[in-house]
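In what follows, structures are represented as structure tokens.
First chain A sits with chain B, and in the next complex the same chain sits with chain C.
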Partner chain A sequence: MARWVPYCALAWVVVTVNFALPRVAPGHPLDYLLGEEAARLSPRQRAEALRAFGLDRPLHEQYIAYVVGLATGRWGRSVRFGRPVLEVIAERLPRTLALFVPATLIAVFLGTVLGAWAGYTTRARWDAGVSSAVLLLDAMPGFWIAMVLLSVFAVELGWFPVSGSSFAASPQPWEQVRRAVLPAATLVLATLGRTFLVVRGAMRSVCQEEFLWALEAKGLPPRAVLWRHALPNAWLPAYTQIVLHLGAGAGGAVVVETVFGYPGMGRALYEALLARDYPLLQGILSVVAFATILANAVADATYPRFDPRLRGGPAA
Partner chain B sequence: MRRTACLVVAAALAALAAGRAVPAPSPSRLVMAIPQDPGSPLNLYVTSHSRFDALLDLVYDKLFAPSPYMDEPIPWLAESAHPVDPWTWVVRLRSGIRWHDGRPFSAEDVRFTFTYYRDGPQNRHSHHVSEVPHIKDVVATDPRTVRFVCAYPCPTLRRITLADLPILPRYVWEGIPDPRAFSGLPVGTGPYRLVEYRTGHGLRFVANPAYFRGRPRVAELVVPVIPEPATTFGALRRGEVHAAARPVPPELLQAIGNSSVVRVVRTRSLTLAELRLNFERWPLDDPAVRRALSLAIDRESLVRIVLLGRGRPGTRGYPHPDSPWTNPALRTPFDPGAARRLLEERGFLDRDGDGVRESPDRRPLRFVVKVPSNEPVLVRAAELVGQQLQRVGIRAAVQALDPGAVAALFRTRDFDLVLDIATPHAVADPDQFVMSHRSGYLWRKGLPYPEMDTLVDAWMAARTVEGRKRVLFQMQELFNRQPTSIALWYPDEFWAFRRDAYDGWAASPGYGIFHKFSLLAPSVRAGTVLEGR
Partner chain C sequence: MTASRLWVFGAGLWLAVWAAAALGAPGLAPHDPHASVGEPWSPPGPGHPLGTNDVGQDLLSELVHGARTSLLVGGAAALGATGLAVGAGLASAVWGGLWDRLLMRLVDLCLVVPALALALVVAAFVGSGVFPTVLLLAALLWARGARVIRAQALAMLQRGWVIALRAAGARSLYLIRAHLVQALWPLVAAEFVQAMAAALTLEASLSFLGLGDPTVKSWGGMLYYAQARGAVVTGAWLWWAVPPGLCVGLTVASLAMLGFALEERVHPALRAARAGPAIWPQIPADPLRIARGVLEVEALTVEYGTGPAAVRALDGVSGHVRPGELVGVVGPSGSGKSTLVTAAMGLLRSPARVLGGSVCVVGVCWGSVDAKRARQLRGRSIALLPQTALHAWDPLRPVVDQVAEAVATHQALSRREARLRAQAVLKEVGFPKSRMGAYPHALSGGERQRAWLAMALVNGPDLLLLDEPTTGLDVLGQDELVRLVRDRTRVRSRAVVVVSHDLPTVLRLADRIVVLCDGRVVEYGPPDGILRSPEHAYTRRVVGALQALRGSWAAEVVG
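Right, the complex of A and B next:
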């Protein structure tokens, strides 16, 4: 039970900061909740709006109402879209996850394979070549990778649709997959580097361990040593990073979604920011924060499965 | 095993590539990309910015058309409008018009619309009923006649207000308790019916076969949202979209170019690039300082260097010179010598030799120019303006902010100077010019400005269009002598479309070429579009 206390405390901090956001910003919270509409309200309409948003009540009552609203699914109404925040999020989140989860898994797979191999190989030139290529990709801004993929594979070659959004009355699943290929490829190329670097670094350390020498001395083929024995040990640092990355992914990839016109959480966040749509911003930030906290908890809970040293029970 | 995997991957790639064929575009279906999600199924209380007017116009009609930006709007839902006296207008409606669901349109709908805009929840049309002009009374005297009574003379009601406000169906809107939360599909009398809106994806319209001006030429209009310009015009080249309802940015103009398939046309935009001055902040509260700033800016070199010649220098001041309501004699010259003399007369001298003038009480003339970071042309222009002001002893540092932060400056007033683009509604609608002197954009209601107040009183008292224009022209002259917004340039706009999909586009002032009139038969759109392109 005690292990959950830090997570609950963190969630409480997030909720409180989110509550404070429009209230500590310059101006009146109503300006942020209604946008430029607020400036046009008559005194009567302003009083009504204050009452509707509960802003005429003492601060502690507003805070309690906000927390209760969060817990019961009343997250307010988006100024930009004129709809309940939860409805907008429910529409966008699955799209982002459909893009982000496969892209992350592919990036993790490639990063792990390349990182493990680069860390294990004794051929310095190969290591330098692969590392340089991956680092170069990692250094490229996501929007630039997106623009290059778009120009080459969509506009010039015409292999994939240009826009990530389909507007057919009932888009076929295959069509949706085709539209997601380039955004997903961008995410893969832009995030591959971090897994690669972590795994490669860890693999370098593991390669110094005596148990690997013993396995090689026993005559195990290098491939078996690498994949069956070295990698499971080197993969632990990458595991935490990957789970956290998946958690933060709930917020979408702002740049990639905007360039490809992909209607996910990242684009909603961008649009909410431009419109100063605080209810929607608060909603998206809450989802991202809760997903990150959840990912942390999952990482902590599952880490012992991969690292026997952290399992409970009597000391060996 | 490995071979099988390779075959699977190869088959998948081949299948993906095989699906790339784009269906041949036909006039029965047109795909037109827009840069921004309207945020709602065209609910006027959510989708309230004037940039969405052309979309709203597909569904809704006005009494006169196409807009207040045309010199002489033509009767549209109205058959005629006649002044009874300077305060009163009688509008006769066309007969036989029906809403999209088949119910008859009547004078009651017009009465309800204007009353709702005035007394109901506020939207961007409200102050054009409650303040400029102030319509005191709207009465439906019979099913086809409406009488408007204004609180002060309203000689321009027909040419401006009636050509600006979309008409709503009473039976839909009077039953909606909170219009901002309304998410139903709109019902209008317009040439298109919105049949689908998907947040983040776009909108789909179908033609209204019973449209009173004749069936539109395109049966189905698909309007996807594509925020990024490079993606939009890439999709246009590939034929995924047939038209882009956003101007081609200068940097993409060469890449898009005219070809056998894609056509680019140039129109004169009714927008202008403005340098807005915070008249409530020292020393910009001094009219002489504001005038000195205007004199110090070389607008010709801005157009030459930043726009590469694609626009006209803002030497004819504010509002837009192409508006029929703008004084043709307005001039805002570049005269740095006069700017220096003016500053010296006000006691601004460079006392410590650092190149920046100081006031008699040693306060330096230093400003920050805020500019939206997503508009590289504006950022570059702000840098050049800074250099030009430096030559007369004023230092202006550039600060690029996200567009949301720039928009919020209207409310927070936390700025010295803002460089941004002003919309046609702001710079071509004379009622908005007066309204902007109350709203805080060009001046603030209650802040003393005796010369302008006298002119506004005369404007309100004017009983004829000519009388109104005469006073308006004086207001514009006064405004440009001590500007709170300096016109920098009037941009040209370039619009791209696929000629193999549809070639009936025509320009309407303030809307570019993508508007409902382009989709109507040429015989019925006369008077709403400009001749040629």
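Right, the complex of A and C next:
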């Protein structure tokens, strides 16, 4: 029960920030809700609009109405797309997931394998070389990696289409995959460094532990010591951190989707920003935040599966 | 990161150059970055080393002026974030209680918030000036540092002298001012540097999305225009998009590198050397050589380190163990016992160096075999009960699996057979049947010790090495262990060596005793001989103390 308190608190903060933003930001909330039209309203229409949106009521009533609306699926209409916010999200979310999930799995896999090896190897020079390279890669902004990949592989070499904006219209599944290759590669390159650094650091401390030496005394080959024993132990502290990074990555896809014109959630968030489409913005921010909360809850709930010391059972 | 000095130096140099460029931008830049001074879209050439953009502004001048914004925003945001982190971290650690709980909850919140998405939304609504951006980034980036500083401050508050000061009535603020801040500053510096790296990336991302201040030049802003004006689809990306991107990336990487170097100063363990195997003097394989015992040590000399600081751990130690024997090795701490055990296993690591001599197990000498053959010896021909047997388990696997793994490593058996073999030997050493599936943490010290003994014996080794086997056991446990070794090991292993500083235990077990002192064998012989007429000063002192304590007890045991 108590474990859920932080998540509930976080959800509450997100909802409240969402509620507060248009009300503390410069300008009038109506401008955000109606876009350009707001300026053309007569005073009477304005008052009516205020009533229609419930903006004439006391703040606490507005707040309750907002929370209830959120909970019952009334997320408002997108100004930019002229459709219900939930509809836009339902269309964009699967596309982002289709890009983000495989890219993340690959990045975590590569980062783990490289990081585990770099932390374990006794060849300090190799480690320094690989670590520096990954550190550099990690330091490069994701959108810049996207621009370079796009210029080299799409424009100069012509291996991939230049823009993914016709993604939805593209008929063949194969063509859709081809359009997703460069954005996915960017996400992999931009995020694998996080996993690498965390796993490598955890591996370094596992290597100080006594049981690794004892495994060698058993006659185990280094391969078995590394992958069967050292890595699972290094993964424990890394696991939660990696999930945290994944949550942050969900927002980071904004820049990558923007460069490639990939019509996912990140791109929608950006479009909503440019158009000051506040309902859509609130909706997307809520989804991203709830996804992050969910990821953390899942991480916390699954963590004991990897660590027998946290599972119930016979204790000394 | 192995913060090799060269890398850190390079990182510092890069940052210094750009800091200087940022400070002296108006004088250093060849042109006014806002003025159209050349043909639009010119490639690099005389007058414009990096070419011009779509309206003819000089790209190099933009880059130099961009450093100002990027470094200023990054540095100021990092300053704010670090200030918040230090304040919150110290308040949490020093005051504790409710403060601590509230602040750490807040930290948890900030850590899971998707920073970029939130930054975008806030930037879009609050505005894009330099000052709001700095505030926003500081508010997003303080949490990690607060947690790190709190942890370190808490660790320091546990130290003896701080507890003494508190007991003497020192006020919290005095403690913070006079002691903690000084001790924490390398960590604070590391946090600053890392916050700055994160702030730079976020600022560049915001500017790249067109949410930066359009009236100021910045690296992210240059990339925004490069993208918006289509430099990516023309060849111009090479001089328009690549330099600012590299500037952001290399600056962030340099900051990260400095951060790692600073962190290593706080936690020297991060720098701990990785030990490669020590090199043995080459011994030509002699097919006619006849092994005199299961373990032969010949004039073994081992040193740690080199030069005047070198410590000689073993100095010409010789001896052997014949089949069927139980040999005890005793000696005070620092006499070279652990080095001898490690050498016998062939597991010496740098900085240990074998200066001379050899160690051979069943006639095979370490140094004359390749890694694969060496692994076949370990755990099969020579098995070890390590000094740390209580803690030397993989915490994530049941004990029985780890014993079975030892079987499977050396014998071609199916999983099931290996497990059955493991269970049989575990039972033999008196490991309770009901605990078979248990994880190490759920077992008592005695149970873990027994299980290790089973793991060492499970492949029927030629030689069993017991390294300080009674460490961490109470008197009853020690007694049980001695009986186990006497009754069980002789069945499962051809010879046994007990290495210990615990003379009474060794006296009860061994057929022959070797006394090690300062890396040399000072005495050897049967236990009663050593007990009756000890020759070396160390042995005399220990035997004398034993007899004084126990009266005639020792004589009874031996007799």
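Here is the rule we go by: the second predicted complex is superposed on the first by the 299 of 316 C-alpha atoms of A that agree within 3 Å, B and C clash if a C-alpha of one lies under 4 Å from a C-alpha of the other, contacts with A are read in each partner's own complex, and residues count from 1 in each chain.
By our rule, contacts are C-beta pairs under 8 Å (C-beta built on N, C-alpha and C of every residue); 3 or more make two chains touch, one makes a residue touch a chain.
Owing to the predicted nature of the structure, the values given are computational and were not obtained by experimental measurement.
Aligning the shared chain A places chain B and chain C in steric conflict.
Once the two complexes are laid over each other on the shared chain, residue contacts for A:V288 go to chain C alone; chain B is not touched. After overlaying the two complexes on the shared chain, residue contacts for A:P58 are found with neither chain B nor chain C. By the touch criterion stated above, A:M147 is placed in contact with chain B and with chain C alike. Once the two complexes are laid over each other on the shared chain, residue contacts for A:T258 go to chain B and to chain C alike. In the superposed model, A:V155 makes contact with both chain B and chain C.
Touch criterion met: A:R276 reaches chain B and chain C at once. In the superposition on chain A, contact of A:G219 is made with chain C only, not with chain B. Note on chain A: of its two partners chain C and chain B, the one contacting more of its residues is C.
Of the two partner chains placed by the overlay, neither chain B nor chain C lies in contact with A:P173.
When the two structures are aligned on the shared chain, A:R204 is found in touch with chain C, with no touch to chain B. Common to the chain B-facing and chain C-facing surfaces of chain A are residues 26, 147, 150-151, 155, 162, 258-259, 273-274, 276. Within the complex formed with chain C, the residues of chain A that make contact are 6, 9-10, 13, 17, 21-22, 25-26, 121-122, 124, 127-128, 131-132, 135-136, 138-144, 147-148, 150-151, 155, 162, 201, 204-205, 207-208, 210-211, 213-221, 224, 229, 232-233, 236, 244, 247-248, 250-252, 254-255, 258-259, 269-270, 273-274, 276, 281, 284-285, 288-289, 292-293, 296, 306-309, 313-316.
In the complex of the two chains, the chain C residues touching chain A come out as 1-2, 4, 7, 105, 108-109, 111-118, 120-122, 124-127, 197, 201, 204-205, 208-211, 220, 223, 226-227, 232-234, 237-238, 241-242, 245, 248-253, 256-257, 269-270, 272-276, 345, 347, 372, 375-380, 383-384, 386, 388-389, 391-398, 405-406, 409-410, 435, 438-439, 441-444, 455.
For chain B in complex with chain A, the residues that touch the partner chain are 16-17, 19-20, 22, 31, 33, 37, 39-40, 43, 45-46, 48, 121-123, 126-127, 180-183, 196, 198-202, 204, 222-228, 230-231, 234-235, 237-238, 240-241, 402-404, 407-408, 410-412, 414, 439-440. Contacts from chain A toward chain B in the complex involve residues 26-27, 31, 36-42, 45, 77, 80-83, 88, 91-92, 147, 150-151, 154-155, 158-163, 165-167, 169, 174-175, 177-178, 181, 258-261, 263-264, 267-268, 271, 273-276.
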